[in-house]
Amino acid sequence: MFRFLPLLSLLAGAHALENGLARTPQMGWNTWNHFGCGISEELILSTARVIVQKGLKDLGYEYVLIDDCWQAPERDPKTKAPVADPKKFPHGIKHVADEIHKMGLKLGIYSDAGSRTCAGFFGSLDYEEIDAKQYAAWKVDYLKYDNCYNEGRSGTPQISQQRYAAMSKALNATGRPILYSMCNWGEDQPWNWANTIANSWRISGDIHDSFKRFDERCPCTQVLDCKFAGYHCAVTRIIDFAAPLGQKGGPGHFNDLDMLEVGNGGMTYDEYVTHFSMWAILKSPLILGNDLTAMSDETFSIITNEAIISVNKDVMGSAANRIWKQEVAGGDLQLWVGWLTNWDTVVALMNTGEETIKTSVAIADVFTDGSDWSRKAAYNLYDLWELEDNDGRRYGKYQGVVRGHIQNVH
Amino acid sequence: MFRFLPLLSLLAGAHALENGLARTPQMGWNTWNHFGCGISEELILSTARVIVQKGLKDLGYEYVLIDDCWQAPERDPKTKAPVADPKKFPHGIKHVADEIHKMGLKLGIYSDAGSRTCAGFFGSLDYEEIDAKQYAAWKVDYLKYDNCYNEGRSGTPQISQQRYAAMSKALNATGRPILYSMCNWGEDQPWNWANTIANSWRISGDIHDSFKRFDERCPCTQVLDCKFAGYHCAVTRIIDFAAPLGQKGGPGHFNDLDMLEVGNGGMTYDEYVTHFSMWAILKSPLILGNDLTAMSDETFSIITNEAIISVNKDVMGSAANRIWKQEVAGGDLQLWVGWLTNWDTVVALMNTGEETIKTSVAIADVFTDGSDWSRKAAYNLYDLWELEDNDGRRYGKYQGVVRGHIQNVH
Amino acid sequence: MFRFLPLLSLLAGAHALENGLARTPQMGWNTWNHFGCGISEELILSTARVIVQKGLKDLGYEYVLIDDCWQAPERDPKTKAPVADPKKFPHGIKHVADEIHKMGLKLGIYSDAGSRTCAGFFGSLDYEEIDAKQYAAWKVDYLKYDNCYNEGRSGTPQISQQRYAAMSKALNATGRPILYSMCNWGEDQPWNWANTIANSWRISGDIHDSFKRFDERCPCTQVLDCKFAGYHCAVTRIIDFAAPLGQKGGPGHFNDLDMLEVGNGGMTYDEYVTHFSMWAILKSPLILGNDLTAMSDETFSIITNEAIISVNKDVMGSAANRIWKQEVAGGDLQLWVGWLTNWDTVVALMNTGEETIKTSVAIADVFTDGSDWSRKAAYNLYDLWELEDNDGRRYGKYQGVVRGHIQNVH
Amino acid sequence: MFRFLPLLSLLAGAHALENGLARTPQMGWNTWNHFGCGISEELILSTARVIVQKGLKDLGYEYVLIDDCWQAPERDPKTKAPVADPKKFPHGIKHVADEIHKMGLKLGIYSDAGSRTCAGFFGSLDYEEIDAKQYAAWKVDYLKYDNCYNEGRSGTPQISQQRYAAMSKALNATGRPILYSMCNWGEDQPWNWANTIANSWRISGDIHDSFKRFDERCPCTQVLDCKFAGYHCAVTRIIDFAAPLGQKGGPGHFNDLDMLEVGNGGMTYDEYVTHFSMWAILKSPLILGNDLTAMSDETFSIITNEAIISVNKDVMGSAANRIWKQEVAGGDLQLWVGWLTNWDTVVALMNTGEETIKTSVAIADVFTDGSDWSRKAAYNLYDLWELEDNDGRRYGKYQGVVRGHIQNVH
């Protein structure tokens, strides 16, 4: 107990990019996962209206994010300032921002720390100041900053840091609070240096709408020195990557497990529940990636689970840690434990195997860092997907059932 | 289906070195694999004549490439310009280029981003501008640029990029379109940074005329952080290396799996068919490496398969991905799938084992990225080596026979 | 025998940071492991008094170390000099140093080679000279220098060395002998370059009060190119890390296995004995981390074992090497051998398994580097935890019993 | 056959440091392995006399090498020039060189690319020009240049190359041909960049007089990205390291497997025969490391095997390659093949296991790179340790017996 306190102090005191944003992981919606380059003012604004109408805004989904392909073919030939595609955005980005702000939401935009964006539009490398000023002039509130065509400026933390710090400095210099979402795919260990320059940083290649299909397009099996981020990364692969990194996040600076795929059709209900729950307890930004204008009730029920969202929004900002991982038929069973404020604890059992498992968890495993007192105390146990106190106080160990491809989050 | 489109956009929009060359992977012939340093004007021109006469030019084999050993012992003592060996090239390189151009072909030359070429002749490191100008003056159309004696200028993407970008800049400055073929053997992950400076980049040490003989002279078993490229790399080893990298190629910028060994005698017919097919669907340059003046009918039949070549020349420039790899007796069975224009798909089953295998492939595996629709549709299936519609529409899965050391490409 | 001598010369002659300190590994007490940020002048001085009163000072525990959280929220706004928290240290650091010196002890302080300390206070990066001068003015005798928020200045030995050498130079420039304890968690192989700039260097992430509980918060399983030090590292993990590194330590420059957890409650008596013994024979600094004002007799008996401490204080400063490691039920059995002065040898058998093992050790394994003579000689064998000559001379092999989670040190 | 020729050209034409030295691997004797710091003028000269008297000079052992510990405690306080220890070398180094030259031998000396030598004497880092001039003034013919205390100037090939190139340039500037023997223990892949600046480069940590005892003091099990060279490396470990590297050596620039241990007592006769043979066919420098003044007949017979030495001195300078490695009881059986001039081939079968093995080798394995012709030809087979034609022409495969811990070299 006693030794637990300093650690809390440590986490609470951690300093991040000093723009005051992302005290808990950012929430919102982004165009890419579902619409890719097929974007427009109409799509952005109609989705924003749904966010308000369906109550998503009230749950915290406040950022409406335009991803790649919003740009005109070239920068302004004289000023070199970025220009939006006049067909997709006939009234310009500022107009979209104004409309978004009227709804009480915030607008995000996308660029790339390279000579080109991933889709081939102009990048911001060596244009950081011009671009940051333009974003601020447009009243943009958020920048996702990608890593394609980086001209080889990588290979050590120092080289990558300098490239991403240039935009951080430029954004701060505008005077407008702009949430800075780094997307360098985990290259050169950003968890070690992005905390003072960004509000969040991606830890992997792009997510794929699959629970556990292995693919060499996302070739690394370990995160710590991955030399090729790739894309097409399954949900369980990204969770494996996140396991050691939780200690590096905190208020104002979070690991980003990539945007959500809930509702895009590649996973089962149980798998989407697991995907959403794990993102939440790992304190990843919760950025929806589906078509909100044509969403099933099932999808809606997942992304609006207030109990899960409240764990993500816990003010400590402390990510759950994986306590153990055991092989089971066709996968593994994992125990995750996270600290919340007021001595609450979130516990997740994740089963990536093919079969339903009946298991129990030692209370000592849940409180590995606590005192004797914590290991012997009694607790109320709530199932965050059942929203009821399933039989209350337990002693010594938890017994329960974990279905295949699902987790129970308590 | 819907989500497939943005990805297509992404690939189509990718930007590369802006010299307009290599919109599909370059095709041609190179002296090294068969003749090494035993080259001459006579060899080059007589081979070029065969390329025209036998119809190889019409199939796309347009580049005639002089590899190492064309140089005089030293540069011009006054101008420091490169000089050709007067015995091997009595009329100089320009004369050869003129003759090649008269035949409607293009000429390539070789140098090295180091103090010496691999064979010990003068290298171009720190002579980039002088050399590029001379190549352009000689009317050269293509440069293969090697990596020997690089004086330790490697170790991070940034260091290697700067060394290779110097020649890219010098070539562009000449005003002559010169295809730039980087050969740094995959050091420092060129797939991440060569796309904006070169038309292709090698991914491994030199190929060896062997299908799967392991050799410590090519010691790495993984490509992502290989610290010693070596040479003597077997075909299946290079294919393993290529597996995650396909996503990095596209029109104007391709992964180079090294020059072909078809016809040089170290593999069986089936193995050469596999070698040629895989190079084609992985969108590698197809650079012949045999003696074209003394070629067997069998060799000719392989390198002139129009169906296979047309896959290589597909305008999307999208390399096939490996979907799965299963152990079989003495090797493995691999499924590769590539996207082509007009929703065509190329499928390859490669068997590196010793025995013929009867197997079936789930259609769902072929269309892992597609919609429900694509997975349920009916398809015409063509065998690109049989050139007939082998029994047409199939549903749900493909059944067939894969002989040892062979692949079926559909 | 003959060949043994040069090696001794080598070790004895090794040069380190030339401040004359740490001729044997430093000993003392540090606030962090038990008190974290909960520190104050009162805590420091009352603990110092206990160190004197209980005889710990006489055993060599001379450094009283204030870890993180001693700082005021900000530096002096004018001079930029570091300022102590006026609530925790109402009379300032110099007063504490004076009181400590009166007791015949020495005072240490903490800072960080980054923009912030791990707990979020001001760091010393780019303030090295100002801070070193202030520490010297305060009469500080020791600096622990951490690695949080290092702004990406890492990734090669050169980059990390420059960051840590800046403080080394600044400390030397003060003219006051200040023991320099580097804490960069083993990043970029400090054992290769810290010897000329520091008196000790950490080799891992922070210790956890556990003997062998694996935790992904300390994710590396090898030390040589660990890309993520983490924290929560169990004792046996740190010992594994230390195995190859002993050759890099010597008088004036030692590997630091992190502060001791003896007495903090997470291990059994046998485990703490092993922890303390291994730290001693591996020539780690012995920095107590428990609450000395409320210590059990058992804890006291461990940390005051003079025989073990004398091995740590042997003037050769030569760490024990692991000769072999064998799997046993639930762990492994390890043989460690260290050279002492006067041809004495320390031998440790460590059993991390669950069961008591009866085993024997070949004398030839103990003297792998010695001559025929050494392998055939007779020896007196002392158990450093029994402090008696347990049956004296032995020939050819040692037979004994090693309980689970314990070691015998001879 | 045809394709074999260009490769020969490649190797023959390779360019190295242009001082004209080490056209074949250097041979000689060095003080370290047997005498360590216990050296003196008397030891050097008396050993040199033995080299002449016993005919070792006539066999090619021409360099007499003083290793570490020849230095005075400090440089000349005014000129900063290096100074020899006046007790060990009362007449100075120049006198020793003169005496050595009178015997028709050459003298080598030692320094370190760091602030200190490994034994703690002054190093040459940032003193390259002063030191090279002094060595030349002393008429020194050879420099071994070590890697201790390198102040973190490592981590990429570029950083290490610059440190070692500084001395190369300084030596060349003296105008005296001084063989430059780099000893950076294989850090940062010197085989890729040392060829143009040095005559040889070490590939591992220091050798230990043991055939195959594993030791964590030499912790790496692979050579390509070893982050900790260590010392105490067994002979078979170093041979494993050398396996992929042979392609990087050639006339004027060789891989150095470290000095020989033959005659120092830690291995059996068969093991020393293997050690000496493998060093020879891998084209390592052959630097004796035993006490030549007290050498057994057995030791003498090994180091004077003219047939083995002649393979090492073959003018092609081409190291043998490992063709295969098969597990056997307690070790492995390895086939090595090397190309010599005049189409001769050296074949070695190395057995690191515990038992004698009766085996056969396919001729096709010996000539994996040759033509059909070479695989079908008849050969004379000589056993280089029996020096007789053991039954002459063989077809198709070789059958023979390989004892444990021994190799047969043909």
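When the chains are written out, they are named A, B, C and D in that same order, and each has its own residue count from 1.
Note that in this section a residue touches a chain if its C-beta (ideal position, glycine included) is under 8 Å from a C-beta of that chain, and two chains touch if they have at least 3 such contacts.
These numbers come from a predicted model, not from an experiment.
Engineer: So, what's the distance in Å between the C-alpha centres of chain D and chain C?
Structural biologist: So the centroids are 39 Å from each other.
Engineer: Once you find the CA centre of chain A and the CA centre of chain D, what distance in Å lies between them?
Structural biologist: So the centroids are 55 Å from each other.
Engineer: For chain C, write out the residues touching at least two other chains, lowest number first.
Structural biologist: Answer for chain C, listing residues that touch two or more other chains: 155-156, 159, 225.
Engineer: Have a look at which chains touch which and call the overall pattern line, ring, star, complete or other.
Structural biologist: Drawn as a graph, the chains make one closed cycle, so a ring.
Engineer: Going by the touch rule stated at the top, which chains touch which?
Structural biologist: Result of the pairwise touch check is A-B, A-C, B-D, C-D.
Engineer: Of all residues in chain A, which touch chain C in the complex?
Structural biologist: Its residues touching chain C are 2-3, 5-7, 9-10, 13-15, 155-162, 165, 188-189, 191-193, 195-196, 224-225, 243-247, 321-323, 368-369, 372.
Engineer: Going by the contact rule set out above, which residues of chain B touch chain D in the complex?
Structural biologist: Touch residues, chain B against chain D: 32-38, 69, 115-116, 118-121, 149-156, 159, 209, 213, 215-217, 219-220, 225-228, 230-232, 264-265.
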